[in-house]
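There are structures below to look over.
Note that subunit A is present in both complexes that follow, paired respectively with subunit B and with subunit C.
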Partner chain A sequence: MLNFVELLLMFVSVLLAVAFLTVAERKTLGYMQRRVGPNAVGYYGMLMAMADAAKLLLKEMVMPTHADKLMLIMSPMMSLMSAFLCWSFMPFAPGTTMSDHSYGLMFTLAMSSVGVFGTLLAGWSANSKYSLLGSMRSTAQLISYELMLTTMVLLCMLLTGTMNLSKYVELQESMWMGVPLFPMSMMWFMGCVAECARPPFDNVEAESELVSGHMTEYSSSMFVLFFLSEYTSMLFLSTLTSMLFFGGGTGMMLGMKANMFAFTYMWVRATLPRVRYDKLMHMCWVMFLPLLFGLAMFLPSLMYFMDAMVYTYPTM
Partner chain B sequence: MPVPFEGLIPYTIMGAFFALAGHGVGFIRYWDNGWKNDRYDLDAFDQKMMKRDFNLTGTVRGQTSESVAPEHFKTIDEKTQRYYTPYRDQFFMLRERMYKGYVTGNWEFQ
Partner chain C sequence: MQDLPPIGGYEPVQWKRNLPSRGFRPVIYFWLISGAMGYGFYRFYQGVDEQRELTREKQWARFFLQPLLIAEEDRNTARRYFSELKRQELVKESMSDEMKAKFEEEIYHDKSKLRLPRYTAGGPASEH
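Take a look at the complex of A and B:
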């Protein structure tokens, strides 16, 4: 029974934090553009997320005529499930996870990969060429940047020698991994922004130039699922950034670090113009990936070399 | 233009939810473990030992200085069977149910 209470507490916390992330984004963007943002619903607009949810859920669900209806309904669920399942190994305090496992980080990688299917199938099932083209575009982007993020996670695992995130945080008590891996942590953050399809890499649904990508045929509650999954994965990647490179933390401290990165997503959105799609792909495949594969050869060699030094020169 | 305080409220709320998930659940576990912190990164042997300690003391991190185990320790036989089915009032694992056809519909009553 107690287990269920704990799970519920963690899950509801994540859900509500995600809900308030949407308010945070709208308020932050508002102030960055010298306007007030939402300020009418609740105390200074704090209940805007609830009002948005109520509006979207009460709207009529429009189903395209020749769409594959089952797949159309299933794909946002797949996205959302994968985004939430990523949280299951996230330690909010040492050992305080939904599931503590030695291969937690590997499971997280696997779950985040499943989310791509949601995007892909959404475009396929909607029976609309705009959706299909949009989903092709976003799938290519997501797969490319996932490759990059996975390589970086593998390198972090290599340095710490553990896939358990609580252990990983414990090992950073002496030094944050972001110190020796500072260039990689910057690359990681750029990869995260692209993986969430956030501006300046939001070619998935570039409102001013294209229709809304794979979500073209989605409305009301099915759209809510996609919307939620986007913000869930955004907060998840912010938290993972603070875990992997900036020492993680317990409860409030972890929240502060995660908030800082979540804020940076919005800051970037308010500041930078959209990057062209071919440049986005170029950055991943031609710049970051070769660099990362180079690092993947360099770091083990360096570690081997430093280990060997100890045996060669025992006084060092 | 200074940062308006109301722009920081949602971030504070998010931080509070992280605190609830971290400190709140952490405290429940601390209490449930008999005022000891949770263990993590456990292998099968650790799990087995914690199960033994639970059977001996009532908490997974419990320790006792008694040299003789309590009487019930001899006969404890914990089974991990999750799925109850009204058919013959039995417990089944999901795999057994699928094998016997209760899930797929090929009923096998014998």
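Take a look at the complex of A and C:
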């Protein structure tokens, strides 16, 4: 029983964090564009999230006539479930995690891959050209960037020799991985922005070309699921960034780091224009991936060398 | 009559923008980042070394503790075995004769194996 209460507590906290992240984003964008943003509901517009949720949930759900209805309903759920399940191995403090599994990082990777199916099936099942084109774009983008992120996570695993996130964080007590892997951490951040399909990589829902990408035919509560999954994965990836490269942390500290990275997503959104789709793909396949494969050859050699040094000069 | 270029040609067109160069030269960034990475790897490997030492210590502690842990487990098994015998005695006292006959029947007929009671009915070990 208490287990379920724990689970509920965690997921409700994640949901609340996501809800307030949307308000935070609108406020941040507002101030960056010299306007106030939402300020009417609650103090400083804090309750805007609740108002938005109420509005979205009370709206009519329009079901396209020719759509594959089961798939149409299932796919946002798939997205949301995968985004939520990613959180289950997150160590919020030493020993404070849903499951302290030795293959937690592997499970997280697997779960974030499942999310792509939600996008893919959403576009296909809606039976609309905009949705289909949008989902083809976004699937290609997500798969490409996931390849990149996975390679980076594998390299981190290789260096630390563990797939357990708690252990991983513990190993960073001597040094944050972001310092020895500084260029890779920058690539990781760009990859994360692309993986979340956030601006400047939001070709998925480029309004001028595709109405709203794979989400075109979605309305009210089904749209909410997609929206939630997008923001959940954004928050998840910023937490994972702080955990993989910036030493994780305990409770508040981790939250602050994650917030900082979540803020950078908005900052980037307010600053940069959208890049062209072929350039996006080019950056992944022609620039980042060869570089990463180079690193994948370089890092083991470096480890071999360092191990030799450690055993030759044990006081190092 | 076509307009011709002026005698001596046009003035050179300035196509290159004269932007002020900001920050350090690229090579300085390269060495800064390399230095940071080198220091990072150095510190990280110190941590790795420490982790290895801790693992080694844990393993050796385990080796020395093993006889004690086995003895403890054996003691626990023996305690459970005798308490089970005692329990059976107590149960038998309050039984009818045919029930008692059934109760005393062997469960396992294979005498080649020794079966120690690892699990007994009742609450946790502290309550026995």
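In the analysis below, the second predicted complex is superposed on the first by the 306 of 316 C-alpha atoms of A that agree within 3 Å, B and C clash if a C-alpha of one lies under 4 Å from a C-alpha of the other, contacts with A are read in each partner's own complex, and residues count from 1 in each chain.
Everything that follows uses one rule, which is that a contact is a pair of C-beta atoms (placed from the backbone, for glycine too) under 8 Å apart; a residue touches a chain by one contact, two chains touch by 3 or more.
Predicted model, so just to flag it, every value in this text is computed and none were measured.
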Open item on the list: With both complexes overlaid on chain A, does A:L158 touch subunit B (first), subunit C (second), both or neither?
Closed with: neither
Open item on the list: Comparing subunit B against subunit C, which has contacts with more of the residues in subunit A?
Closed with: B
Open item on the list: Between subunit B and subunit C, whom does A:M63 touch in the aligned arrangement: first, second, both, or neither?
Closed with: neither
Open item on the list: Which partner chains sit in contact with A:A54 here, subunit B, subunit C, both or neither? Use first/second/both/neither.
Closed with: neither
- [ ] Check whether A:V179 is in contact with subunit B, with subunit C, with both or with neither, and answer first, second, both or neither.
- [x] second
Open item on the list: With both complexes overlaid on chain A, does A:S166 touch subunit B (first), subunit C (second), both or neither?
Closed with: first
TODO: Using the superposition on chain A described above, determine whether A:P91 touches subunit B (first), subunit C (second), both, or neither.
DONE: first
- [ ] Check the residue A:A308 against both partner chains and state whether it touches subunit B (first), subunit C (second), both, or neither.
- [x] neither
Open item on the list: Applying the document's contact rule, which stretches of subunit A touch subunit C when the two form their complex?
Closed with: 159, 171-177, 179-183, 302, 306, 309-310, 314, 316
Open item on the list: For a test of understanding, state which residues of subunit C touch subunit A in their complex under the given definition.
Closed with: 33, 36-37, 39-41, 43-52
TODO: Spell out the part of subunit A that touches subunit B in their complex, as residue ranges.
DONE: 2, 5-6, 9-10, 13-14, 16-17, 20-21, 23-24, 27-28, 30-31, 34, 37, 39, 43-46, 91-97, 100, 102, 162, 164, 166-167, 235, 250-252, 254-256, 258-259, 262-263
- [ ] Note which residues of subunit B are touching subunit A in the complex, please.
- [x] 1, 3-4, 6-7, 9-11, 13-26, 28-29, 32, 37-43
